[in-house]
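Okay, handing you the structure first.
The first chain written gets the first letter, and so on, giving A, B, C and D; residue counts start at 1 in each chain.
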Amino acid sequence: MAKIPELKSHHIWAFCLILYLIPVVVPVGSPFQISEITLKIYNIIENLPEGSIIVMGGSGVFAFDYEPGAAMIASIKQMAKNKLRLVGIPLGMESLQLHKYVVDTAKVMQADGGPWKYGVDYVQLPFIPGGDAALVRLLTSVQSVVTVDANGTPLENLPLMKDFRSYKDITLWICPHWGYPSIVRYVTGERGVPSVMFAHAYSYTVYAPYMMIYPDKVWMTNGFLGGAQYEKLVGFKGLGHAAVDSYTLISVAYVFFVVLGNITLLTRVKKEEEEAEAKK
Amino acid sequence: MISATDSLVGQIVKKGLGFQLTLLIIMVILTYIAYYLGKRGRVWEIRPLEGLEAIYEGIGRCAEMGRPVMVIPGISGLGSAETLAGLSVLGEVTKRSTEIGVPTLATASSTETIMVIEAMTRNAYTAAGKPELYEPGKYVRWFGSDQFSYAVGAAGYILAEKPGMLIQVGYFIAEIPAVAEAGARVGAIQVGGTLSSMDLIAMFADYIFIGEEIFAAAAAITQDRIQIATLAGQDWIRLLTIGILVVGMTLMATGSKVIVDLLGM
Amino acid sequence: MSSSIIYVRTYLTRILLIIGCIATLTSWYFVSPHADIVANELYNWNVNIGTFSLFVGVVTLFSRYLKDISSRKEQWEYKFLGVVLIPIWVIMGQTAGVFSDLYQKAYFNTKITLHVAILGQLMFFMISGAYRTYRIRNFRTLLFASCTLIIVVCNASWLMTPFPIADKISYWLLNNPSMAGYRAMMITGAIGAVVMGIRILLGLERGALRATEAR
Amino acid sequence: MISTDPWVWLSALLTICSYTLLYGDNPLFRIAEQVFVSVAVAHSVVMGITTVNTRFGPLLTPAATPQLFITLILGLMSLFVVWRKYAWIASIPISIMIGVGTGLSMRAMMRTDLVGNLSTVIMETSRIFVGSPTDQLGYFIRVTFTLAGLVYLLFTVFIRGPVSKPVGYIRTFGKYVFLTYLGLQVGNDIIMFQGLVTSAVVRLFTTWLGI
């Protein structure tokens, strides 16, 4: 039996890069179904009373939070359609930029032709340092921690902030950030406010125990797949769809290379056995 | 009388938090007792750790193959407990491999960690009676303090030196695949352990330290009484939680929710 | 420095640490309006003090870079680029404002673009790594590789579409065996964190304060 | 059509620079990395100045409070952490932050991560015998895997006598519980990392080159 030679990493990478280009040139348009948990979150937001205040907040690194951003953008479109109100609370240094990115991309503000008016339907608070201590204090008194919005406008001049003083005014907390444990521990665990995380595929597996601890108050989507499902529910195609499209091919490549690696190992073992036999 | 006490406690301790507070107090007591015993000289035995045994065997195999060992204690500075655990492993590996003439190579991204590794290497050669073999910068390399400049440098270092064993124990995050893939390319035995990105380490490593095993490994290597006592104190608390679980599950099977109610969730 | 000053300093930091910790715990566990007032004040202090931590990085980086540039240390040219870029960026940021469209565009098209690209390319290492390491030599690799491959294929639409149950299998695996494994770690991690807190409180562990000890 | 937006060009070129890492270490990657590090640090400075203005602006108004002044001093003291000789000055504000952080972490970990999980495992026991067979198996796995994992993570406890063997088996099983979790997690990670590559590829080929 002939030994299959070991592939060089550069060849594997070049092959994968070509695979990535295929959906860009010829969109695969891979169909996928909606998971129960994504549908549940969609329905929760869908059934919130008009005017409910939703918080988008937490801390994380933008590049990682790019993944939850897919579902966040879709949910913002849904919120705007259902006349819900949103407050952005960035607790990480890059969170403010992520919040601006998702709101701008959702195109829900009046300047972009959407229904939301800044200060009335959406307010973006500035970055709040202090970590968990800031979050804990903010939950009992927003205005004691922050007095102006991200543009420097005093909060008393923003109609939405007149209705948002403490955790009691929050209907739902959505976290599109890595720092979800803090949200579960302090917002849901200590104050009982339901929370949703548009989770990274990585964080779904490690934060899943929180869903079991608070089964009626904590829900999570799963990574880009969850993002694509949310986009589909809301009715548009964004990064989630693009990621799922390329994943169709990459997942095949992944399995292919694992199988090939094992065949290579098998032929090597066989060859070694044959050589040992011949020596005898 | 009982109701009077109850109401008094109710006035002091917030509703539903009594058990959690009691558990916290028990944990304080157990932690202090373990510390006290450790300080007075009590030493606990630590169970065998697969990763540690693999490291000891691996050093021998490297000697047979004539290839060096490479140890990376993470990308954090000395403030991280994981890095300190990694340095303990590195210290022991350097000592053992130097004694049998196997070079131990190392790299890290933090400059303060690099300084400590360099000192450890020098001490190991002096202790082994071979100070003439030590040269600063010969065994320890630094490729920059940024996560990915370190990763690129470390991968290149691995491809150039072809270590027989690659040990990554310490604080690591997303850069693991870039370094460990190089280890796989040169066919090194890989041993790894970290807390935050263990899945990525596990993907590449032949032997792993699972979760807090890295601290157990550090305690076992250094035989530091206080570290071992901390480990023992945590074990008592772990046993207590297993006990609460077993009692709660047994009662739950008989239809009683008393433990769940007591937990106050 | 005289030993008595070091003594006073050490005790002062210990006392402040204990006050912070006890106030936070007391306000949560006990019915005490006084503890609530102290804790709330300390939370506000934390927010204000935390603001300054944003400058620590730049001070460290600049002092290191300037030293390397002046001694023409290896790769000093790249550091020079950094020393020039940082002030320009700060001026731009202060002029435009962090919530402006200009700042957002600049930030997104440099730092975020680069970060996403660098993290993304780890995918390539993961594929070539899987090719080499997922070789079934023993039960351990068999278990590990099969778990990975099951999730990889169950998340893919090419399997999910003809077999809708794939999605359910994927979630079942993540919500049961995977979740339970991590839960055990979460429980021991929580014990570790609480014990660490107790050790800090009892003065058995200096933790991050080690960084500020006089040398 | 190829983009004419200079920001898109910058973004595309930096993406290419960072992807040269796959070829090996090279000056283009070093430039990209330096831009990355510098912008990250500069961003923290911009955020810092903005936040100081917002938080300490009232000091220049009649609304200034003594507490605000104290925290300004403490904040400035915390900056001494970078000078080794005077790092002790920073220990005072840092001790307040560590104290509060430790207290918060202790109470939250105790409630959610420890007691919350214990309570959930116990509750799950009651669900092992109800519901569909898949659910029953799921709850059984949740409870047994958690217990086995906890037993595996005991390091200094040795059970001797007749039960030592069964405990040994549980411990070995615990190791495989963790391997199962880690294997499943890597599988789920793949979609995250590959999604990030997708966004880079889309940026290069759709946004920049207009394909």
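Everything that follows uses one rule, which is that a contact is a pair of C-beta atoms (placed from the backbone, for glycine too) under 8 Å apart; a residue touches a chain by one contact, two chains touch by 3 or more.
Owing to the predicted nature of the structure, the values given are computational and were not obtained by experimental measurement.
Centrality annotation: D (chain centre taken as mean Cα position, compared with the mean over all protein Cα atoms). Distances between chain centres, each the mean of the C-alpha atoms, put B farthest from subunit D. Of all chain pairs, the one joined by the greatest number of contacting C-beta pairs is C-D. Centres computed as Cα averages put subunit A at a distance of 30 Å from subunit B. Separating the centre of subunit C from that of subunit D, both taken as means of CA atoms, is a distance of 5 Å. If you average the Cα atoms of subunit A and of subunit C, the two centres end up 17 Å apart. Multi-chain contact residues of subunit C (touching two or more other chains): 25, 28-29, 42-44, 46-51, 53-54, 75, 97-98, 107-108, 111, 115-116, 118-119, 122-126, 128, 130, 132, 144-145, 148-149, 152, 155, 174-175, 178-179, 182-183, 185-189, 191, 194, 198, 201, 208, 211.
With touch defined as above, residues shared between interfaces to two or more other chains in subunit D number as follows: 21-22, 30, 33, 37, 43-44, 47, 50-51, 97, 100-101, 104-107, 109-111, 113-114, 116-121, 142-143, 146-147, 150, 152-153, 178-179, 181-186, 188-191, 194-199.
Counting partners per residue, subunit B has 20, 24, 148, 178, 181, 185, 199, 202-203, 211-212, 238, 241, 265 as the residues that reach two or more other chains. Contact residues on subunit A toward subunit D in their complex (touch as defined above): 10, 13, 20-21, 23-25, 63, 66-67, 93-94, 96, 126-127, 129, 131-133, 136, 147-148, 152, 181-182, 184-186, 189-190, 200-202, 204-206, 209-210, 212-214, 222-225, 239, 242-243, 245-247, 250-251, 254. Within the complex, the subunit A residues that touch subunit C are 7, 9, 12-13, 16-17, 30-33, 35-37, 61-64, 66, 93, 96-97, 100-101, 104, 124, 126-131, 133-134, 136-137, 140-141, 144-145, 150-152, 190, 204-206, 208-209, 211-212, 222, 225, 244, 247-248, 250-255, 257-258, 260-262, 264-265.
Within the complex, the subunit D residues that touch subunit B are 21, 24-25, 29-30, 33, 37, 106-107, 110-111, 114-116, 118-123, 125-126, 143, 146-147, 150-158, 175, 178-179, 182-183, 185-186, 189. In the complex of the two chains, the subunit D residues touching subunit A come out as 22-23, 43-44, 47, 50-51, 54, 97, 100-101, 104-105, 108-109, 111-113, 116-117, 119-120, 124, 142, 181, 184-185, 188-192, 194-199, 201-202, 205-206, 211. In the complex of the two chains, the subunit A residues touching subunit B come out as 9, 202, 213.
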